[in-house]
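In the two assemblies presented below, chain A is common to both, partnered first by chain B and then by chain C.
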Partner chain A sequence: MGMTYIPSTLDEALHLRAEKKARPLAGGSDLMVQSKRGIGLAPEFPFDVMIITGLKELKGIRKLDDGSVEIGALSTPAEIADSDLVPWHVRQAASGMGAIALRNSATIGGNIGNASPKGDLPQPLILLDASVVLASIRGERQMLLDDFILGSKKTALGDDEIIKSIVIPDYDFTYLFYRKIGMRKANAISKLSLSVAAVVKDGEIIDFRAASGAAGPRVIRSRDAENLLKGHKTEEIPEIQESFLDSWNNAISPHAMPLYRRNTTRRMLSYFLSAIYSGKAEGIIEEED
Partner chain B sequence: MPHTAIDDRIVRVDAVKKARGEAPYVADLNFPDMQYAYMVRSSIPRGTIDSISMPELPDGYWFITYKDIPEEGKNELWMIQKDWKCFAENDVKYVGETIGLLVGPDRNMLRYLLDKIEIKYTEQEAAITIDEGLAVKGGPIVGEDNVLCQLFVEKGRPMDEVFKEADSVFEETIETGFQEHVHLETNGAIITIENGKYTFYASAQCPFYIRKAVAGLLGLQPEDIVVKQTTTGGAFGGKEHFPDVLCGPLLVAEHKIKKPIKLIFDREEDMLYSVKRHPSKTTFRTALDKDGNILGIDGVVVYNCGPYLSGSFVVLQRGVFHANGVYDIPNTHVKGIGIATNTFPSDAFRGFGAPQTLYAVETHLEHIAKRFGFDPAEYKSRYFLKQGGETITNGHVVERVVLPEMMKQVVDASDYFRKAKEYAPGSGKGIGISFYNHGGAFTGNGEQSIIKAHARLVKTGERVRIEVGSTEMGQGFQTTLRKIAAATLEIPIENVDYDNPDTSVVPDSGPTAASRSTMIVGRLIERCAEEMKERWAEGDFAVEKEYEHPEGHPWDQNTFRGDAYLGYGWGCCVVELEVDKLTKEVKVTGIWSSHDIGKAIDELIVHGQVNGGIVQSLGYASMEKMENRKGHFRQSSMSDYVIPTSMEFPKQEWFLVDNPYEWGPFGAKGMGELVFNGADAAYIDALERALGIEIHKIPMPPEDIEEALENAQ
Partner chain C sequence: MLSEIVFHVNGKKIVYTGNPLTRLVDVLREDLGLTGVKEGCGEGECGACSVIKDGKLVTSCIIPVGAVNGSEIYTIEGIRDTEKGKCIIDAFAEGGAVQCGFCIPGMVMATYALLSSNPHPTEMEIRKGISGNICRCTGYDLIVESIKLASEKGGDLWA
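Now for the complex of A and B:
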């Protein structure tokens, strides 16, 4: 059984991380559950743990000079969902995480560090080319979240590093789409999720991107598929749609419910493309009755 | 204080305490020198135990197994039969079978020791599904053919004659899955010795069942054991026989250890290692004339029982007796088979076997109606049973059947016929309807021949105490029964006491199950109160009554012929929904129901039961998926086995009809299970219409809808 530390500064935490390899515990909504031992007993960790909940350096959401947004690793889904600074896709995902109690205790750093394919926040963050700021006593480094998450429950986090913050570049999309399919309407783990965004100018698709959650061991983005659409006129969509959808279908690799996850993803993407093609008003694409 | 009248709106007697978290449950109880227990269970579905390697146990720690059962005792739990062992001996038949009980003072140490126990097995091929059980995969588990129990009922003419006259025959198989009870409070019990007697504190529906089930382990009589029910946070049938499986090992341990011992399941244990609703497979072959009229139905109903009988034969009987639904089918033959498999034993769950066949027959008739171009509601209503009509067991419907009136309430309120025409098949919108019933109380003359319920009222000054073995488990019975007593005696309900039963104090009024509490025990208390009222001036005294069976209702338990039930609750439900075109998620937009429960003793409690029963049934049909792979349940938590939240379904519109029942208190019949029995079929009917396909199983989460659509193409 490991030791438990409670550092009071980031510097102290980084030393504990470097010297004891202590793992950060913030909201506890993953770690405590994974290490539970039944009623009446405290969870026991086979490694040292440091409770970082009090570290001010990891809190807060702010706009940076270049227009990007930095979200402190200890920000909760409730704070993220409430913040005007945070891009729409991420707020949507944050507002649909678990139940209220979880949204007030879980953290964005934990959700990323846990690297569950069903995690809610990595999917829109990867869509938005967000990067993660990693801190250690050696200094800081920044890498794309898409590179940071290596696979199911696997990240590029060094054993002396902690996740300090997440930086989301500033984008202005013409069309946006987000959908999470849970096992039920509230308090549900994601069964499948999809974010899509496009920039359309004078009938031309300048940017197009999509990210699938819970459809494989990690969040899926396919630049190859996205490139099939970029640079084309929206009126060409009917001709290139099928090859795009096929390309996307090849990129996702669901083990469970493959038929459902593939078909639903296809229908959602196709719906989004039809909306662009039909010249829908700019903004959020929502399903109509 | 004013007298309580039966129609007064009152606050449930247990509501405030429970809502505030002040009510103590068994996990909250502590005794001096109390020990804790953990179950050591089989991790394979079928095989023999080669060795059990134990860590060295510190002083004061015990590992209790079948070897600790004394010579005068037998390693069996007496439920209905005695086949379910208290502890596995050499072989194991399901994942989760109790092998031993690890007992000691410190839970941390117990947990540590538990992880160090190593059991080696020689595994045998297991039978998990109904088909594997029927095919005797891996060799027989029970007898030669795995048939644990079976029966048949027939009505009308011989089926081969009927089928010869048919213009067409429609055959289909309809399946239902496991369902987990998810009672808010997990299973738990404490054993101690009080006044020289083994005494249990248990979260349980049926304290008298526990006494009977475990006494033989020590060669004792049921009376030698005391069971005190603790405030029970939900049960739904999951605490009918299953507490025996906790209390048996505890009794054997107590025989050795002589200290209070507490055994509480955590949620994961409660999900993985407890009884479930029987999965079912029902095949109907129906003879039809050229106009689509039903000439006869031949049915085979198979329930997956697991390796031990527990309550399965009674569950199967109820399933077969409800296999014609609310309909008077002229010729019927229905065979029921309870098949043994290597899954955790299936047992009681709200509806007790009826929901499976009711779902199947509703869906089957709805499919016939659609094939012949009839509206299902109109088609089904042609076959409604009427008072005096012959039931599937050659008995007769005793009460006035007001289904046509109930149907009118519900179709009018929902605008069913307009919507049914307007929503084209496959349009993504659908409306569906179902009809159902539930036979109140024990089957046939079981109340008279098996239970012989007693109830007692004790008067002390101005206060009256109810003494019954019936339990409050969240359904509101402590309020309902107090209200019956108070209203009959014309005294304030505040002057009536009714504590959680203690088997050393109260008479046995039978199990709290089978929708019998209000109808049977409520009537007993009403009779006690009627006499007490007349003798009120006599001072302090007690009145005890025994169940009396109404004359003229024959039942033969050997041939299953006669009046299977002395009264039914009746129901009709309409569900309207939309299917998301992109994601196949289903949004229910309307729920309407009408129920005939004789008379509502307390309308607020009944409203709660209607809401809860219908939501639970919709969960069963839509999202509650419990899979078993190689003997292991795959869903182990409330995040992977999902039950509906308050966000899932819209506000319900509900009706009751006034149809007083002759032998119930104030005219009341059973209702706790009825309200679970039919919303699933209405939901699937609506879903089929919205998708334009036929569906042959539940549950149907979006991924299964996707597959059904794919298969229909």
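Now for the complex of A and C:
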């Protein structure tokens, strides 16, 4: 059984990480449940653990000079959902996580660090080209979240690093869509989620992106499919829609998603495209069910 | 580096020197004798162990005590004799919200957190506010009615 440390500064935490390889425990909502042993028994871990919940350096949400938003790794889904600095897709995903008590104790750093395909936050973050800031006693580095998450429960986190924050570039989308299909209302783990965003100017699709979560080992985004739409006029959508949808479907690995989920994804994407085509008012596209 | 964990429970200072990974629910129930805090699932799913940490509802079964250094924790024992606590408990009794009672301390804490941030919730907001609390007896309707009652009767208390 490993030792447990409670560092009081980020610097202490980074030294513990480097010297003891201690695993961070942030909100504990994954680690405590995964290692639960029953009433009256503390969880046990086969490695050293450091409880980082109190570290001020990893808290807070702020706007950076270039307009991007930096979210401290210890920010909770409740704080993220409540912050008007945070982009809409990410707030939607945060507000749909678990029930209230979970949203008050889970963290964004833990959601990313856990790298579960069922995690709700990576999907909208990857849609928005967010990156993670990784800190160690060697310094800091920043990489795209899409590159950081390698697969189910696998990340590129170095054994001396901790996630310090998440940085989301500034975008202004014309059309936005988010949907999570879960199992039951509260504490629902996603079965499928989809974010879509587009920039349309003078009838031309300038930017188009879609990201799907809980569909396979990683969040799915297909630049190839997205490029099939970019640069086209919205009036061309009926002609190019099928090739886009097929390309998107092909990006999903063969075993990743059962047919009904593929069909649901396809239906939501076509719904979004037809909303653009029909010249719907700018803003959030809501599906009428 | 912290060698002891200092926090407040129901206004009383606690200095904890044991295993920091001990679940908060065990410290509350076993070390502090606060058995109004219930344990149902032990996995954050049922809300029976709900307490208020720094003004926010959390489930104490998935939080290690090492994560609450510097925090103010309130359990059912700490709020039941306050004006707000009495208002909720009376409304639950009047509205017939209680059957076996196991989920009720958690429901009261969730109601306390809800009404403190939203004094006049709609029915939807009430249902969302207790959506992390499972009750196997009542089918929820009488609990929801009782929370409405607490909101109405409490008046300025929640403002």
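Some observations on this one:
Please note the rule applied: the second predicted complex is superposed on the first by the 284 of 289 C-alpha atoms of A that agree within 3 Å, B and C clash if a C-alpha of one lies under 4 Å from a C-alpha of the other, contacts with A are read in each partner's own complex, and residues count from 1 in each chain.
Just so it is clear, a contact is a pair of C-beta atoms (placed from the backbone, for glycine too) under 8 Å apart; a residue touches a chain by one contact, two chains touch by 3 or more.
What you see is a predicted model, and the numbers here were worked out from it, not measured in a lab.
In the overlay built on the shared chain, the residue A:L64 is in contact with neither chain B nor chain C.
After overlaying the two complexes on the shared chain, residue contacts for A:S105 are found with chain C alone; chain B is out of touch. Contact with neither chain B nor chain C is seen for A:I284 once the two complexes are overlaid on the shared chain. One of chain B and chain C touches more residues of chain A, and that partner is C.
Legend: residue contacts after superposition of the two complexes on their common chain; A:I39 is shown touching both chain B and chain C.
Using the contact criterion defined above for the overlaid structures, shared-chain residue A:L144 touches neither chain B nor chain C, since it reaches no partner.
Using the contact criterion defined above for the overlaid structures, shared-chain residue A:I206 touches neither chain B nor chain C, since it reaches no partner.
Once chain A of one complex is fitted onto chain A of the other, the partner contacts of A:L85 are absent, as it touches neither chain B nor chain C. In the superposed model, A:T53 makes contact with chain C only, not with chain B. In the superposed model, A:R179 lies in contact with chain B only, and not with chain C. Residues 38-41, 185-187 of chain A contact both chain B in one complex and chain C in the other.
For chain A in complex with chain C, the touching residues are 4-8, 12, 25, 27-29, 32-33, 36, 38-45, 49, 51, 53-54, 78, 98-102, 104-105, 185-187.
In the complex of the two chains, the chain C residues touching chain A come out as 1-2, 5, 19-23, 26, 30, 39, 42-45, 47, 50, 53, 56-59, 61-64, 66-67, 69-70, 110, 113, 128-129, 131-133.
Within the complex, the chain B residues that touch chain A are 27, 36, 107-108, 111, 264, 266, 268-269, 578, 580-585, 623, 639-640, 642, 644-648, 701-703, 706-707, 710. If you check the complex, the residues on chain A that touch chain B are 37-41, 179, 181, 183-189, 191-192, 257, 259-261, 263-264, 267-268, 271, 287, 289.
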